[in-house]
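Both of the next two complexes hold chain A, though its partner changes from chain B to chain C.
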Partner chain A sequence: MGDKLRKVNLLVDLTKVLLTIFISLVCVTLLILLVSKDPMKAISAFYLGPFTTLRRFSQIFQLATPIMFTGLAVTIMLKAGLFNMGSEGAFFFGGIGATCIAVNMSMAPGIHTIAALLAAAVFGGLVGIIPAFLRAKYDINELVVSIMMNYVMISISMFILNYYLRDMSVSARISKPFPESAVIPRIFGTAHFGFVIAVVVAIFVYVFLYRSKLGYEIRISGSNGLFASYSGIKTLKVIVLSQVIGCAIAGLGGGVEVLGSYKAFSWEGATGYGFDGMVVAIIARQNPLFAILAALFMGYLRAGADIMNRTSDVALEVISVVQAIMIVLVAAEAFLSKWRHKLTVKKAGITKEASAS
Partner chain B sequence: MTEENAYENILEMRNITKIYPNGFMANKNINFSVRKGEIHALSGENGAGKTTLMKMLFGLEKIDQGEVYIKGEKVDNINSPMDAIKHGIGMVHQHFMLVDKLTVAENIVLGIEPRKFGVFTDLKKAVKMTQEVAQKYNLNIDPYEKVGNLSVGSKQKLEILKALIRGVEILVLDEPTAVLTPQETDELFKELIEFKKQGHTIIFISHKLREVKELCDRITIIRAGQVMGVYNVDEVSEQDISRLMVGRDVILKTEKGPAHPKDVVLEVDSLNYTNSEGVKILNGINFELRAGQIMGIAGVEGNGQSELIEIITGVTKYNYGKVILHNQEIKNKSIRQIRDLGMSHIPQDRMKRGIAANCSIADNIVSDRYQKKGFSGKFFIHPQKIAEVSDKLIQDFKIFCSSALQPIGSLSGGNIQKVVVARELSSNPSVIVADQPTRGVDVGATEFIRAELVSMRDAGAGVLLISADLNEILELSDSIIVMFEGEIVAYFPDSSTLTEEELGLYMLGLKKMNAEQVSFQV
Partner chain C sequence: MNLILDTLFSANTVSATIRVLTLLTYGSMAAVINVTSGVNNIGLEGILLSSALIAVIGSWAAQSWVVGMLCAVVWGIAISLIFGYLVMELKTNNILCGLAINMFASGGTVFLLSVLTGQKGSSISIPHQVAPRFTIPLLSDIPVLGVLFTDYSFFTYLSLFVILFVYIMIKKTPLGLKIRAVGLNPNSASSVGIGVHKVRYTAFAISGAIAGLGGAYLTMGYFSSFTRDMTAGIGFMSIAACNMGGATTVGAFLSSILFAFANVFSNVMQSLQMSVDLINGFPYFITIITLFVIGFINYQRKKKWELKK
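Coming up: the complex of A and B.
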C-alpha cells in the first residue's frame, strides 16, 4: 500500500510540474500571438533561439548559475520551515564581498578567486544572521525582517561601492575592474566555471540535508518544530544556522556571478535573483538535485526571452508572466488533487469490489 | 410521501465508501439506518470508521460513494454542517466547539443571533431563548456564565442545547462519555432518555459496551470500515458485541504480575506552576515514582495533568518546588539533558508532538538518538546504522509499512503510535512518561502497547501513566494518584481493589483525601 501510494504521489507530482510548464508556455505563446506583429519570428526566437549558436547555447548555463545558488539557499531555509526572503540582499552583498577582495588585493590566479568567493559567502552569511537572531531571540517573523533587510543590504553595498571600490576614472558608478587573477574562467561561450561550482554546491546541499546531523535537525525542525524540541533538538540553533548557511550560499552565488559574468561590479539595484531562487526552489519541490534541472530550465527560458527581446518586438518581461503562472500552479495544492484522490482510491482497490456488490 | 409514516427509517445511509487522501479506506460500503425516536448505538473499535461515517453525515467530510436518505428522500447536498443542520441533523463532537470567552447564551445563539434594530445582537432575547430551551428539555444551565468557567459536563449540555435550539431532530453524539466522570455520565443518560421521549432520534457513538447496553435500543457494529451487523440491544450480549467489534474474543486484561518497586527514580516536591496568563495550574504537587512501578494519574482532562507532564519532561519550566530525576533537579536542564538522564516521553498528541509527518519512519525513529555514538560522527549521520535500528524496531513492534523510508504521515494512526512507542521504549529509559499511550489506536495495538509498558516495568523502569481511559488506568497501574483542579486529591498506594465509581468521586472533586492520606511518607 505504502509503495503504491508513493508511486501515485510521484506520478501526480511529476505530471503537475510538466503540466505547469506546459500551461505557462501556452499562455506565453498566446501572449506573443496577441502583441507581436511578427509572432512566428518571436516564437521561434523564444523557443529555438537558445539552440541556434554555441554562444547562445552557453547563455543557458550562464543564466542558470546565479538562480541555482539562490534556489539552493531558499531550499535550505524552506526545509527548516523558514520563509527567509533575504537571499536577494545576501546575493547582492556577496557580490560586494567578492569585489572587495578582487579589486583591493593581489594574489596568485585561482587563489585570488577562491579568496574572493569565500569573502562572498561570509558576507552573505552575515546577512542571514540578523533575521535569524531576531527570530530565535524575539520570535520576530523572518519573512518581514529579511525583506526589509534586502533594501538595507543593497544600500550598504552601494555605500561600500561608492566610497571604497569605485573606479574614479569613469563616470558610471561601477567598481574598479577585476584583475585577471580573480576572474572565474569561461568554459565555453559565456558559460563560466561558476556553473560547475553551483552543481557542486547542489550536491553538497543534498548531502548536507540528508546525511549530516545538522541537516537532519533542519529537516525534522522544518517538518514539525514542536516535535523537534520534544525530541531534544535545539530548534533555536537550527533556526539561526539554516539561515546563515542559506544566505552564505546566496552570497557565494553573488560572488560567482560578478566574477564570472562581469568585468567590474556594476549592479545598481536589486538583481531579482533572490526571488527567482524562490521559483527554482518551489519548482524543484525543495529537492537540491532537482534544483539543478529547475535552474537550467529557467536559464533556457531567460536565454530565449533575451534573444526574442533583441530580435523581435516582444519584450523580455514576458518571462515574468511564465514565472508567475508557474508559481501559482505549482503552489496550488488543489491543482490535480482530485486526480490524485481518484488514483489513490483506485490503488486502494475498492472501486471494483464496491461496484460488484 | 406526504404522510408521516411514509418512511420506515428517519435516516438511511446506503453503500457509503470513504477513502482518505493517504489511501486509508475508512468506510467500505456501509449501510446504516436509524428509526425515528430510537437511541441507536454506533459501535466499533477506535479507527473502525464510526466518526468518519458521522462526519460525512454532518457535512465535514465528502462522501466518495453512496447515498443518504433523510425521511425517505434522497439528500445529496450536505456539504457543510450548516446543510446538515438544515436537514435536522446535529452533532456533538468529542472536542467541544465552543467559544470560551462568551457566555452560555451567546454561544447558544452564535450564528442565529436574535437582532435588535437589525444590527445588534439582542442579548436579552438570547438569554430568554436559552432559558426556554433549557426548560423545555429540563437541562439546568446558567445563561450568563462564561463558557470557560463551565465544567466539562456542562459544556456538553451546552453543545446539546446548541443543536436542539436549531431544531435538530437527529442528534449525533460522538463518544460523549469519554470526558465525563461516571456521575456525569448517569446525568447525561437521563437527559438523553428525556429527549427520546420528546420524539428526538439519537445516534450514540461509543465503544463502551456497558453504556450501550444501558441506554440504547439498537446497535450497528462496525469493524475496519465495514458493518458487522445490526441488532436489538437486548438480544445480544456484551460478549457478542465485543467479538463482532474486534473479530475475536479479546480480553482487554493485560497480563501483569505483582510490582516490585525499588528506588525512587522521580520525585516531585511541592511543585507549583502559574501559567503566563496568571492562572494557577498546579498547587503543591508531591509524589514519588519508583523503579519497577506503574503510577497512574487519573483526572478529568484539564485539571493540570498536561502541565505536570510538560514540566516533568522539561518542556515547560516551573515556578517553584522541585522535580528530581535520579537525584538531579531538572529545573535548569535542557530537554536533551533530561532525556539523557533516562527520561522518555510518549506525548499525548502524536501528530503535533510525536512525529515529523513529512519525514521517513527511520528519521522519526532516531530523533532522540541521532546524535549518539554509532548513529553519527562529528558531522555526518550513519544511514546504515539508522536503517538497521529502524528495521529491527519495525519488526519488533510489528509496524505495518512498506519500508523504513516511507513517510511516516502515510501510516495509519495505530502504526504511527507504534513508531512513537518503539522510539520511546527502545532508548533504555528508566522513567517513562506515557501520556494517553493508546488513544485512537486499534485493539491489537492497544494490547501490544500495554504489554510493552508492563514489561518495561518488570525490567525496572518507572512508568508514569496518564490516561482519560479509566479502564486503562485501573488495568495497568500499581498505584494511582487523582488530580483535581491542580492538586492531588487522592493517592492509592495499591490500586488493585479500586473501582471506577470510587475513582470518579475523586475526579469530580466530590471526595478529597486529607494531606496525610495523600502523603508519600511511610
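Coming up: the complex of A and C.
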C-alpha cells in the first residue's frame, strides 16, 4: 500500500514538474514573441543555442555548478524546516574565503586548491550560525535575519577584499590574480572540475540526509519539531548544525565558482545564486539527486538566455520570469491535487478488491 | 568626534531621516496589514521595486505624476491579489510565493526597462514627472522644529495619513476587526460567518495599494529615476520593522524611525571618510541586533510566564 502510494506521488510530482516547465517555457516564448523584432532568431538562440558549439555546450555545466551547490544547501536547510536565504551571503563569503587562501599563500598545486576550498566551506558555515541560532533559541524569523545577514556579509566581504586582497595595480576593485596552483582545472570548454565536486556533494547530501543519524534528526525536526523534541532529539543543536552544513556547502560553492570560472575575485554585489538555489531545490522537490538534474536544466536555460542576450534583442533577465512561474506552480499544493486524490483512491480501491478475493 | 555629532544632529540629517522614514512607513504599514490578516508577504520587496518602475512608466507616458502614482497603486493591488490567489486558492507556501514575486520583480523590471529603453541600468532616458514638494507655510517658520515641515515630497505628508488610516482601519472599523479575527484564527472566524478568503483579499488589496504608493515614492520623490534593484532590501527592512513593532501600527512606525535613522547614520559616516564597505552593512546589522533584542525580551518573558504556571 505504502509502496503504491509512493508511486502515485512520484507520478503526480513528476507530471507536475514537467507540466510546470512546459507552462513556464510557453510563457517565455510568448514574451519573446511579444517583444522581439526577430523572434525566430531569439527563440532558436534560446532553445538551440547551447547545443551549437562545444564551448557553448560546456557553458551549461559551468552555469549549473554554482546553483547545484546553493540548491543542495537550500535543500538541507529546508529539510530542517527553515527558510534560510543565507546561502546567498554564504556563497559570497565562501568566495572571499577561497580567495584569501589562494592569493595570500603558496602551496603545491592541488593541495592549494583543496585548502582554499576548505576555507570557503568554513567561511560559508560561519554565516549559517546566527540566523539558525536566533530562530531555534529565540524564535526570531530566520528569513528576515538571513536576508539581512546577506547584506552584512557582502559588506564585510567587500571590506576584506578592499583592504587585504585587492590588486592595487588596477583601478577596478578586484583581488590579486589567482596563482596557477590554486585554480580548478577545466574539463572541456569552460566547464571545470567544480561540476564533478558538485555531483559528489549531491551524492554526499543524499546519503547524509537519508542514511545518517543526524540526517534523520534533521528531517524529523523539520517535519515535526514537537515530536522531535519529545522523542529526545536536541532540536536546537540539530537545527543549528543543519544550517551550518547547508551554508558550508553554499560557501564551498562560492569557492568553487571563484577558482573555477574567474581569474581573480571580481564580484561587486550579490550574485543571486542563493535565490536560484531555492528554485533548484523546489523544482527538485527537495531531493538531492534530482537537484543535479534541476541544476543542469537551469544551467541550460541560463546558457540559452545568455546566448540570446548576446545574439538578439531580448534581455537574459527574461528567465527570472520563468523561475518565478516555476517556483509558484511546483510549490502550489492545489495544482493537480484532484488528480492525485483520484489516483490514490483508485489504487486503494484495487488493494481492497485484492484483499477481498 | 564633534564633527560627527554636528553632522548627526544637523537639519540635513533630520530631513534625510524623514525621507527614508517615508519609504519605510509605506513598507511597514503594508506589512502590518498582511501580518494582521495572518499571512506574511515576503514579496513586499518585489512589489515596491516593480511598482517603482510602473510609476515611472505611467508618469512618463502621461507626463503626469498623479497618473504614475495611480498606475503604481493599481499595480500594487494587482500583484497583491495574485499573491492572495496563489496562497489561498492554489495553496502555495506564502514564503515561496513571496520569493517568487521578488525574483519576478528583480528580473522583470530589468527586462521591461530593456524593452522600453534599450538600457538595463536605469530609466534616465525616459524622463518622467516627479511628485511636487511642499513647505507648510506657518509651521516651517518655527526655529528648530521648522525643518520638520520644510520641503518634503507630497508622499511624505501622505504617509502620515496612511499611518492614521491603517491605525483606524485595524482598530476601529468592522473590517479591521474581521482582519484581526481572521489573522488570529481563520477557523473560528469562519465558524462565526466571516468569509476568510474575502477578508484576506480585501486586506491584501489595501496592503498592495500602500506598497504601491511606497514604490511610487521611491522613483517620484526619494529618487527621480529607476535603477535596477534600487530597493536594496528596504522591503525586508520594513518587514523587520513590522516584526519588531509586534505587528502594531504604532510599534512598526517607531521601529521604522529607528531603521531610518540607522540608514542615515551610515550615510553620515560615509561622508566622514570611514570605510564605505563596512558602513554599507550597518543598517542591516542594526536590524539583526534589534530583532535579537526583541526576541530575547520575548523569550525571557515567556520563560517567566512558564515558571509562574
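Points to keep in mind about this one:
The definition used in the following text is that the second predicted complex is superposed on the first by the 347 of 357 C-alpha atoms of A that agree within 3 Å, B and C clash if a C-alpha of one lies under 4 Å from a C-alpha of the other, contacts with A are read in each partner's own complex, and residues count from 1 in each chain.
Quick note on the criterion: a contact is a pair of C-beta atoms (placed from the backbone, for glycine too) under 8 Å apart; a residue touches a chain by one contact, two chains touch by 3 or more.
As the structure is a computational prediction, the values presented were derived from the model and not from experiment.
By the document's definition of touching, neither partner reaches A:M168: not chain B, not chain C.
Contacts of A:I147 after superposition: chain C is touched, whereas chain B is not reached. Of the two partner chains placed around the shared chain by superposition, neither chain B nor chain C is touched by A:A108. Taking chain B and chain C in turn and counting the residues of chain A each one touches, the greater count comes from C. In the superposition on chain A, A:V318 contacts chain C only, with no contact to chain B. Under the contact criterion defined above, the residues of chain A that touch both chain B in one complex and chain C in the other are 337.
Interface residues of chain B facing chain A in the complex, by the touch rule stated above, are 15, 17, 19, 21-23, 25, 28-29, 64-65, 313, 315, 334-336, 338-339, 345, 347, 352-359, 363, 367-368, 370-371, 376, 379-381, 383, 401-403, 406, 410-411. Put simply, chain C touches chain A in their complex at residues 42, 86, 89-93, 95-97, 99-104, 106-108, 110-111, 114-115, 120, 232-233, 236-237, 239-240, 243, 275, 277-282, 284-285, 287-288, 291-292, 294-296, 298-299. By the touch rule above, chain A contacts chain C in their complex via residues 35, 83, 85, 130, 134, 137-141, 143-145, 147-149, 151-156, 158-159, 161-163, 272, 275, 278-279, 282, 315, 317-321, 323-325, 327-328, 331-335, 337. Across the interface of their complex, chain B is touched by residues 1-6, 8, 211-214, 216, 219-220, 223-224, 226-234, 337, 340-341, 344-345, 347-348, 350, 353-354, 357 of chain A.
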